[in-house]
Amino acid sequence: MSNIRGRFQKAAGEDATKYTASIPFDWRLYPYDIAGSIVHADMLAKQGIITRKDAKTIIAGLESIKKDIDAGKFDFKIELEDIHMNVEARLIEKVGEVGRKLHTARSRNDQVALDMRLFAGVSLLSTRKALQDLQTALVDLAEANKKVVLPGYTHLQPAQPVLLAHHLLAYFEMLQRDLERFTDCFKHTMVLPLGSGALAGVSYAIDRDYVAEQLGFGEISRNSIDAVSDRDFILEYESAASICMMHLSRLAEELVIWSSPAFGFIEIDDAYATGSSIMPQKKNPDVAELSRGKTGRVYGNLMGMLTTMKALPLAYDRDMQEDKEGFFDTVDTLLSTLEVFTGMVSTVHVNAENMRRALDKGYILATDVADYLVKKGETFRSAHGIVGKLVSFAVAKDKTLAELSLAEYKKFSPLFAKDVLNITVESSLASRNVPGGTAPAQVRKALARAKRMLTDK
Amino acid sequence: MSNIRGRFQKAAGEDATKYTASIPFDWRLYPYDIAGSIVHADMLAKQGIITRKDAKTIIAGLESIKKDIDAGKFDFKIELEDIHMNVEARLIEKVGEVGRKLHTARSRNDQVALDMRLFAGVSLLSTRKALQDLQTALVDLAEANKKVVLPGYTHLQPAQPVLLAHHLLAYFEMLQRDLERFTDCFKHTMVLPLGSGALAGVSYAIDRDYVAEQLGFGEISRNSIDAVSDRDFILEYESAASICMMHLSRLAEELVIWSSPAFGFIEIDDAYATGSSIMPQKKNPDVAELSRGKTGRVYGNLMGMLTTMKALPLAYDRDMQEDKEGFFDTVDTLLSTLEVFTGMVSTVHVNAENMRRALDKGYILATDVADYLVKKGETFRSAHGIVGKLVSFAVAKDKTLAELSLAEYKKFSPLFAKDVLNITVESSLASRNVPGGTAPAQVRKALARAKRMLTDK
Amino acid sequence: MSNIRGRFQKAAGEDATKYTASIPFDWRLYPYDIAGSIVHADMLAKQGIITRKDAKTIIAGLESIKKDIDAGKFDFKIELEDIHMNVEARLIEKVGEVGRKLHTARSRNDQVALDMRLFAGVSLLSTRKALQDLQTALVDLAEANKKVVLPGYTHLQPAQPVLLAHHLLAYFEMLQRDLERFTDCFKHTMVLPLGSGALAGVSYAIDRDYVAEQLGFGEISRNSIDAVSDRDFILEYESAASICMMHLSRLAEELVIWSSPAFGFIEIDDAYATGSSIMPQKKNPDVAELSRGKTGRVYGNLMGMLTTMKALPLAYDRDMQEDKEGFFDTVDTLLSTLEVFTGMVSTVHVNAENMRRALDKGYILATDVADYLVKKGETFRSAHGIVGKLVSFAVAKDKTLAELSLAEYKKFSPLFAKDVLNITVESSLASRNVPGGTAPAQVRKALARAKRMLTDK
Amino acid sequence: MSNIRGRFQKAAGEDATKYTASIPFDWRLYPYDIAGSIVHADMLAKQGIITRKDAKTIIAGLESIKKDIDAGKFDFKIELEDIHMNVEARLIEKVGEVGRKLHTARSRNDQVALDMRLFAGVSLLSTRKALQDLQTALVDLAEANKKVVLPGYTHLQPAQPVLLAHHLLAYFEMLQRDLERFTDCFKHTMVLPLGSGALAGVSYAIDRDYVAEQLGFGEISRNSIDAVSDRDFILEYESAASICMMHLSRLAEELVIWSSPAFGFIEIDDAYATGSSIMPQKKNPDVAELSRGKTGRVYGNLMGMLTTMKALPLAYDRDMQEDKEGFFDTVDTLLSTLEVFTGMVSTVHVNAENMRRALDKGYILATDVADYLVKKGETFRSAHGIVGKLVSFAVAKDKTLAELSLAEYKKFSPLFAKDVLNITVESSLASRNVPGGTAPAQVRKALARAKRMLTDK
């Protein structure tokens, strides 16, 4: 029977125990739980709430438990419900009665909030690192293919020529926004809840600022009821993770499409491709597909946690125990996805020739022809209409725009002159020379800037 | 290196292997995978595609592997990706070359669809059983408290008196609809995909109907491309489970509110309540709260799977591997929640006195007074207005309706006569004597009907 | 001030009125609300609760209101909250005091449940019709392209040759499952809630079976508390709609990919394509993309409604007013998407040549070569490995399998004989002659069956 | 036929037009669209791309269109698809040929991104204001009830006494975090996309910084492909709104529970309560319930948009048109909910007596008794166990802790002395004198701080 059921006549049912126990998943919080307890004990001694000697005994006990768990030598017990009770019970076994003092001036409500914030803080640092690693891989790939041109697509239809480097840097920007969101989230996460007790604060002269400082928190929570009821930091991480997975799913989709033979723009390295159990010829972009699929679980975890928190009266309700598994899964999924993308992007083979070939088909320079007319004095909307008809004519003749004669051009507007034949993929690229545009000069600047951001990080 | 990478120059990267392997969770499909393989081998022999002797060797090997896994003596290997490859590789180790014939005339694409459908089918049977157990507990509780009356609420405001049995049977009805949905889902699930190969069917003269019959499937799939791409049965289960968890969350909410001292309608048995680490007096309805919180994960799994399946081109894509963990979690969550509710409902203590007391406060018979006026000739809408003013008057006087004198009644309508004082909780209940109403006579019938449905099941 | 605020000292605030009024969207329920009221009045007369004369007056008044609304001549008032009160108030204006009798023996709680079920029932019939129209378009397209072959894909990599008709029939099957789900849902929807009153039943001798019969309901609800609290039928529709939109999003994805020039398998008709404001050459598959995008809102509506219903105590709570907008939007989105798909599929241009060309590249017959070896005596797993190496060899030589010589084949297995050169796309197709397979004979049967299902509907 | 279909042979079908047109909802962007176009025209002139005279004509035309729309005198046409084309077409009607120059150097892709960012920016400012208004209402209510004490709850079970002001300030803190998130979001939103063209940048010497400055943007986007593909700012708003609605749903839940007669802690003002159509006595907290219900739609909109954006290849795809309705609905819902809460909180009647009465029942000072023992030398865990048994004893005797004699106390621990009888609600409150705790001194500080934050805003 658990050591907190003093007022109960009988033990919890086996089904209830199994249903409510969190130790099967929250054991993972042990480094944070123990770190928090060590600082708590130290502070209790500093404040004279327990003796320094007791604190030393407790801290030594906790450190030894930490080592046991690290070494896989700890027997987690489901009847002790959670990581806090498992550690406390073992501490009492190890150090005797004095261990019963550890829970002075705290509650599991503020303790678990502490553990989760520490876990989230560490996860946020890992996430930032993983994002920057992938950004680096993208920049390196861009750098290595600086001159490669491909059709930029809208609606999966060829639109205008762009540099591959420019296209890859679009993902760099997305990840940069992710990075900012996770950085904001880190700030919001590192707020110390300990000292809030069950919900009302504690009746001991504790030093919350000291605890905050020792554990690396930037602030202390300002309202005890809120502090034990708040899981915004988890929802914030899960929201940012959902957006980030959405970005990765877009990249995944492109990798899948680009590695389909019809496109043939890239080849995924053997290390990131898999075979078929039945079709010997298959080389499948499974890593990209699976990451695209995993977007679902990250969205689902967000939706699950939002649902769980809906309409809960203050302060702590047991529903909130459901904050853990989904969050752990989101962190694990995002980190492993970022890591495997870094490897996949670093090793992808770019088939520049196929990209180039895709440019030559189609009418990808039509906007340039319209802009040509504008520069000769036509209004844009009319120029657009003229070139629309020109394209329609060329399609009917089964010709590309480059294959049309000047005479044919002139049928559509008297403003066409010989220099219309100078419009090329290269002139098109070069002309988009505005900040953020795909002109080589702009992309060079953007690459340099990206590299600076990665080294200044 | 996996045995299906014949065309690759190098092994999958360690990160990719870890990322894509499903064995950490799909090992759980082993009974279904092996059962399917046994019938497949048997059918191959029946059709002369392999010899009967080979089939016997293969089947004996598979049965022995099943025993090993049952006994925890099987070493699942992550580099073998999934349950299918783990079993096949071990089979070849056990029985030699002949094991390499098992995968004739099938693909992992139709094999995994088979495994998932078998797992879903078995889960559906368990779900049905668990639903009926909870229905039984509700009926028993209703039966044991047949005469208990409580305020029926709308907007959490007392509305009209109802029998507790009537209130409990509302949940019986919800669960009955759940049961029907899972029954529909079972029918849609038991459609054999095997024989669809990778996506196009197989080029061997297999007997799909035989396999279906042996494995308990009611039908065979009619289009091979669809059969390997379809996960509707999982989405259907997850939808039905979401609705069912929503129902349980409503019951949970009521149990939480009713066991709050302000209401005091029930007391959760000690076996389903938990204590506080800091507040010694606490007896918390944690099981109910946690089940309410778990609604989130079940919704999240549904949303995750819907997201995963969105916009996947035919036929199988690796994204679909994400069908498993969320589905397993939904099944486990729903089953354990139904089970723990059955225990909790069976042992809950009803405090009929507090329910009765709550009836006496307030103006719960106001509708009856309005209906009284209608029966005396007033239009309903006017009667409603008159009684509204009467209640307002009583509130100002700090009286209940029962405490008003006939003279006071008459101030509001000349139609009030002495018999207005005969309106009681009992007369109110008895008057709602329409099919589905709370009149004791109706509730008796409903209870009898519910019991019949449970025995006829 | 609303006519149901008898007990209040002051009117609802303007902000609260605007916030809570549902008339801006529930006006749309008027045909159902009025139809329900007409049958209700008729039944009240039949049962002697009101006079036949009063009923006639009321019914005539309601019919005249219906005509006014049909003609756009009705002034909906926000201070009257909802469609029920708007109609009732106008009825009283039109027919005088007798109109105040209409609300006898019912509550808005059972009335709104009735309206929503009638609306859902009608929507379900439209949905079934729209599904069958799209099925017909798919069958017609399949029929018109009976001999067209394309690469079947898994992982967006060419896998095995399939008939286009077979591919299209995969969608027929998905829609057939949708149809079944909506049919189940119709049965669950057509359960009459009227007679449940506010939550406890009513105290008048009404005839619920008569009302059910008049309004086309198959059953009456069996528990009054449940009947006013239940929105399962909406969740069921929204779940089925989510799965259906998921199916359509897969088709949309394929239409987008197939109409990209790199594939060039189809051309969307001009009527279903749009241009660009800047790029004159663009012809974008906007309808397909937008329908893919609209999957999101349908999922979102489901998630919204599940969230809304979570943890609501019985019986009716105002939260449930949120059942409407999302449901209306889901019905509208699904119906318009099915309709626009029917048009788009009916007019799509199939480019059989490009599909054929895509078959010739690649190693799409590799499985057939492996199956060839199996039939010569090799085990399947070994055959798979041999052909994997063969493909690898061919890739290195930049040859297709058809371009390899028998001598080259023989390097990989002595079992290869001259007849290996007979393996063709056609032989591959024909060999998959199992029920559900892509062999022309099977697809012919499947087409015939599909047509039969559509005419038997 | 739309003016951008130069290359098409026929008009869009009526069904496709209706399906794809966004003007039924994006007309609402007109002030932003026109403001953007005015600055665009001005910049084109400044850069010499069009003449100053043309710019003036265009700007005057746009201003006149703005006035027409403001006055409800603009005829939006569905065949012109969207707000951009409607305005441009009307401009050409109004000012002639020169109007055809407006679309020079931009695309609808960057234009719609601009409009949405401007709309989001304005919405963010309104959201911030509405949050602070509600914070003010909470602070005022706290101030007006500074001495009111109620049971703090965990698990909806009385836990420890807290000041009502402390409880209300918990919501202040939640809203403060919301405020920070929306502030972060504002910064991420105000990044100018114009100048990105269709996806590659534009081929005119535009001045993006000038446009940014004129329109109040803090930055310009750095990658044109990203700029037209990015809807993170919408997802960020929707995530923050979901969390904020979750907070409000918790407050709503408490208002509903607290106004239920069993609690009777508050009475919602008549202006924010509604009646029943059938039960004359009812006074329902509909506003609170409905806001709780609306949490669903805000979550749903987030899920919808996340789903829509999943796996879209770069750059713009038509799926992204689905960014609008859900976002508009989220903004409208959040703003109206915050506003109605401000009114409801400002007028709520606090029933301090009922709160006090709820404290006297139960064993809410049990933690204080345990802490008492700790201060006498007991370890906390043992003290907790002792008091658990004490409570159990009192329950059996049907006594409160205050009703126990010292002799009875001493049965459980020799450490109990006379001063245990001094433990009161007031001593309990005062003892929780840590930063963030409920001690009156701490709450005074917290209130002062909150007021400071609101005035410094």
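Residue numbering begins at 1 within each chain, and the chains themselves are lettered A, B, C and D in the order written.
Note that in this section a contact is a pair of C-beta atoms (placed from the backbone, for glycine too) under 8 Å apart; a residue touches a chain by one contact, two chains touch by 3 or more.
Predicted model, so just to flag it, every value in this text is computed and none were measured.
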{"item": "Contact-graph separation of chain B and chain C, given in steps at minimum", "value": "1"}
{"item": "Winner on C-beta contact pairs when A-D is weighed against C-D", "value": "A-D"}
{"item": "Whole-Å gap separating chain C and chain D, where each centre is the average of the chain's CA atoms", "value": "32"}
{"item": "Whole-Å separation of chain centres (CA-atom averages), chain A against chain D", "value": "23"}
{"item": "Chain D residues counted as touching two or more neighbouring chains", "value": "4-9, 103, 109, 153-156, 159-160, 197-198, 257, 275-284, 286, 289, 292, 295, 299, 302-303, 306-307, 309-311, 317-318, 367, 384-388, 391"}
{"item": "Sites on chain C touched by chain D in the complex", "value": "2, 4-13, 15-16, 18-20, 81, 84-85, 103, 106-109, 197-198, 270-284, 286-287, 289-309, 317-322, 325-326, 336-337, 339-340, 343-344"}
{"item": "Interface residues, chain A side, partner chain D - complex", "value": "3-9, 88, 92, 97-105, 109, 152-156, 159-162, 166-167, 169-174, 177, 180-181, 184, 188, 195-206, 208-209, 220-230, 232, 235-236, 239-240, 242-243, 246, 249-250, 252-254, 257, 292, 295, 299, 302-303, 306-307, 309-318, 367-368, 371, 374, 379-382, 384-389, 391-392, 395, 428-429, 431-439, 442, 446, 449"}
{"item": "Complex contacts: residues of chain A adjacent to chain C", "value": "153-160, 256-257, 259-263, 275-286, 289, 303, 306-307, 310-311, 358, 361-364, 366-367, 369-370, 384-388, 390-391"}
